[in-house]
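Next up: the structures, one after another.
Here come two complexes built around chain A, the first alongside chain B, the second alongside chain C.
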Partner chain A sequence: MVPDLAQRPRTLGDVAALARRASWRGRLGRWSLHVTLGILSLPLTLPYLWLVTAAFSTKASFGLVPTGFTLRNWRFLWEPNLGFVSGTAGRLPNVWQVVGNSLILALGTTITVVVVTTLAGYLMSRHGFRHRERVLRGALMLQAFPGVTLLVALFILLRVLGILNSLVGVLLVIASLHLPFALFVMKGFFDGIPWEVEMASMLDGASRLRTWYSVLLPQVRGGIGAVAIFAFLWGWTDYIFVLTFILRRTSWTMALYLSAVIGEYRSVDYGLLAAVGVFYMIPSLLFFLLTQRHLVQITIGGAKA
Partner chain B sequence: MRAAIPDRPRLSARQRTVRRRWLVGLFLSPFLALTLLFFATPAIITIALGFTSLDMSFQGGFVGLTNFRGSLSDPLLPRVLLNTVVYVSGTAVFSLSLGLLLALVTTHVAERVGRVFRALWLLPRLTPIVVYALLWLWILDPTSYGLLNTVRAWLGLPPVDLISAAPRLVIVLVSGLIGASLGMVILTSAIRSIPVEYIRAARVDGASSLSVVRYIILPLIRWPLAFVLVFQSLSLLTSYDDILLVTGGGPFYDSTVYALYIFRRAFQSGRYGYGAALAVVLVAVGAAAAALSWRLLNFKQMLAAPKIEAD
Partner chain C sequence: MAKVTLEGLGRSFGSVVAVRDLDMIIEDAELVALLGPSGCGKTTTLLMLAGIYRPTQGRIRFDGVVVNDLPPQDRNVGMVFQNYALYPHMSVFDNIAFPLRLLGRPREEKKRRVGRVAEMVQIEPLLERKPGQLSGGQQQRVALARALVKEPTLLLLDEPLSNLDAQLRLLMRVEIKRLQRALGITTVLVTHDQLEAMTMADRIVILHNGVVQQIGSPHELYHRPSNSFVSGFIGSPPMNFLSVRIARVDSRLVFQSVGLQLPVPERLGTRLGERVGGDLLVGVRPEDVRISSAAARDALEGRVVDVEPLGRELAVAIALGAQYVVALASPDFTGRPDDPVWLVPSPERLYAFDATTGRALA
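After this line comes the complex of A and B, so read on.
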């Protein structure tokens, strides 16, 4: 190309200038895109940066710039009687008990959702039983009732069943309301396994149950992982259901603990609030850092608001 | 084929049916039990409760349509409905525009950079809602400690209490920053699936970046755009936990949207029957809106998003 053009000096000058200008404009363009992105993301980056710095600094509560390293904001971890909650006139529960409750809720939700949907997802994917269509359509129709519209009814139902105020009640509610969605995700993973795999195992004399357990389950590891992570986060981050169904302080989860601390210390001790916030966020942050690369694909399936 | 399995005992037709039923029962009953008990039953209870006057003392009987008729003369409802319209449309449009902008920009920079920023914008969705609310409480702090008022102080402006001054703007911003990631993710993959020849051809013809966006990219991603707008509006109709945490629906009822109003009537005023009636109306409106948009926007085509048909 270039030697050809070289025989026409006028054009060469044009092309070179054009190329120079294009690359300059290209660089400028890319640069301005980066600046746009940076500015656009400030309302997100600044608060998260603040959260982390404020949790470890003495007076970071006053604006953005941290002032000195301290661990005092984390005293809620070793001083169990942090203070009084004005509204309820009692002490905050021990944070480790609260963490335990949150773990029970999150892990309980995870186990329930994974066990139930790996069973039902297999059946839905592989068996043409009599009411299959009806069950699937029913599960879809229930989605018209978002969990929050059922709050009053669930409150009364749990009260009648005698599991109001219990973590088991809340975890069954959270798990059940997400079951239809999780079922469709799991079914999708089972649909992806070729028939031959199952056929081979059955021909070798394995029962349906055995085939499901030792041949198919290992094949849907990816699906189990995705559903498990989502279910854990549903339980771990839930606020509305624990707020409504858990009235006893000994059954509080981290969401209720943090909102009580916010109510008590807002504008007074942002360092403490930030430390509790960072502590509560650890599982979400771990998940974020570990799956950051695949996150974009994963969240398409789990999109909520 | 069957004859080729020597070890398996032959079962009679009846035995096979019994076995099959047993298998279906084993695999399906946990799912059925939980969804029937904790999903279908409350859905039915909600409808039934709507016709009762049940209150905090758990007393009250069948009152017919009183709750529904009463809602027509509820003095707070007009304000709540206006809040809901402003919140749903404002947040949907704001987060869609933001998501579109993010998708456009992150697909036009180096993939490494784009990925980092897309991951960053997914962070609010993974953050526990109470922590996310804490961030906003700090941003909006009415004293000079908050981010907003720190910035205002640099500019020489007096501190403001934005929650009192512009409650509706606050709830749109709070939900909008969470919502942006949905549009961003879906539109990013939609933009990626546009054949690159189209853009190159336009470039060769001398089109600027903006005209490429305006005349090629936007028309080609109109279905995913419509899908995100509709899906997001429908889910915003029933979301309120961030509002409850940041503004509490206040001052007074100024940032209370319909879904939050149900919660406040039921659990703050203890009017369970009335709350359930309002919830029934919300479900009906949501279902009707979903069905309507399904029709209007030709949902089958939208389900195929983000794949793009070049026509």
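After this line comes the complex of A and C, so read on.
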């Protein structure tokens, strides 16, 4: 309702003025949106910027400008024995062994989660077995409990099974605690494939299993990608379970290494801490950069690949 | 190539009966259409033939051998789905070659056979593409080629034309029929479109609520419908039904209703004589009603309600007392809504049905 326009008939000039105003308003709106979002995200981005800056600075600073460029903070990468590092609780193991352990844990989690969810997701999507709804709801509920509450029970369980202190034990714990979520994602992708495609494959002469891997798996590639990324990051970033179940230094992962650098009492070597932190983030960054598209798909609902 | 026998075939899902007591023989190289409204059990029947659903009652035989427990992959059945169900991650060539790949056929043979069916359905230039890059009509041809490449004993078509536009549908109707004749493949077609069934099938099975209403050639179904459901389902515009009571007026048998009276034709007289005072349904097809602008003996007086141009002719809706009748008129018919008209149904084209069971009388 624009009163002065309602009074008299509109001229072409009026329309042009309105159009100009709308276009200005649109541009202004976009700008203010960007500025607002930029300011709101500062608390998230500043720490990371500080981390990168500090990793290349000679001494700790609280600004974003590095004070004296150096690579000394990264010496943990090439010096097998760091010796006494201020802040660390004891001696640090060789970082490459730690990276190896982290990779084993992350990739092991990935493989376990992908294998289990592609099979179980298919079953959940296609087979109307008894109590299916209850199983699905139960699985979702499991995801709602904090895994930390299970620490003691899991500790005992792993010891009884004889896989305490081993990466396999931690891997199984991490994978199983995250399975419900991954299962739901995969089920969503399987739900998106019409039944007829499966029927067609069987009529073409394929067995159920053959249909599953020749016809269905290629169509849920997007889901496999997404679940794999998540599983990798769960394994790579886990702290609480490795801290509790890994007592041997030779089985340390990056999370424990980083936490050791932070230490407990003594003054901390901020440069080293920052460098290790940045190093630790690299795989996560790579994964996100390479797979953004897959991730967007699943957050939108994971229906179509 | 096979003769397919259905013996007392039925399928229920829990307490819901989808199909019951279906008996029929599908001859070698015959094209049979399963026709009915949605939910009538036609697709269930097709999926039983495919081996996807196992019958809960009766037997299916391929050339005399009971195949009830034979899994789909061992039946050598080709099927075209309504949504085509192509494999989106494979090229057109790989889609068509998939059945041969599963049989472990050598490369050369795959190439030769895929090439041959691709030529039959005219999609040779598309073999390198992915299904997502094809139009609906092209996808349909790919689906047909995939079903034909393994030279199936039985071809199943589930509403194969319903996702195509009208023009393409006409073309594919002719082409599918031509291929089916040329290859001599026993074929079962599922459709809810009576025109599709009439034009393509050698015989039609009409299903309603899982029960067979009639099996016969298109000609039989049109001219000798066994009940009011069949007669209302076949033909377009559909048959008109009038609820009437049999009465005797001046020693003549007549159909009577509010505001109308129609003599019972000789042909039906003997059967209906014993039903005087009883209710029944009189059916007459729109093409069998003549519209006249002047009163005549035994003509029914009515009022024009609506005139729909169909192109070649007009469909005129006419109120007869409290009931409606649609009649076809030539394009030079000039009546407008509310004009009085007189209807003369051809007496030899009147059908009578039991008012409660719908069974055809006579």
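FYI, the second predicted complex is superposed on the first by the 215 of 305 C-alpha atoms of A that agree within 3 Å, B and C clash if a C-alpha of one lies under 4 Å from a C-alpha of the other, contacts with A are read in each partner's own complex, and residues count from 1 in each chain.
Assume contacts are C-beta pairs under 8 Å (C-beta built on N, C-alpha and C of every residue); 3 or more make two chains touch, one makes a residue touch a chain.
This one's a predicted model, so the numbers in the text were calculated from it and none came from an experiment.
Partner contacting the larger number of chain A residues, of chain B and chain C: B.
Legend: residue contacts after superposition of the two complexes on their common chain; A:V215 is shown touching chain C, with no touch to chain B.
Of the two partner chains placed around the shared chain by superposition, neither chain B nor chain C is touched by A:G100. Shared-chain residue A:L203: touches chain B and chain C both.
Contact with neither chain B nor chain C is seen for A:G192 once the two complexes are overlaid on the shared chain. In the superposition on chain A, the residues of chain A touched by chain B in one structure and by chain C in the other are 203, 205.
Per the touch definition, chain A reaches chain B in the complex via residues 29-30, 33-34, 36-37, 40-41, 43-48, 50-51, 61-64, 112, 115-117, 119-120, 122-123, 127, 129, 135, 138-139, 142, 144-146, 148-157, 172-173, 175-177, 179-180, 183, 203, 205, 208-209, 212, 233, 236-237, 239-240, 244, 254-255, 258-259, 262, 266-267, 270, 273-274, 277, 280-281, 284, 287-288, 292-293, 295-296, 299-300, 303-305.
Interface of chain A with chain C (complex): residues 194, 196-197, 199-207, 210, 215, 218-219, 221.
On the side of chain B, the complex with chain A involves touching residues 4-5, 7-8, 20, 23-24, 26-28, 30-32, 34-35, 37-43, 45-46, 49, 54, 98, 101-102, 105-106, 108-110, 113, 115, 117-131, 133-139, 141, 143, 145, 147, 150, 175, 177-179, 181-182, 185-186, 188-189, 209, 231-232, 235-236, 238-241, 244-245, 259, 262-263, 266-267, 272, 275-276, 279, 282-283, 286-287, 290. For chain C in complex with chain A, the residues that touch the partner chain are 47, 50-52, 71-75, 77-79, 81-83, 85-89, 98-99, 102-103, 146, 150.
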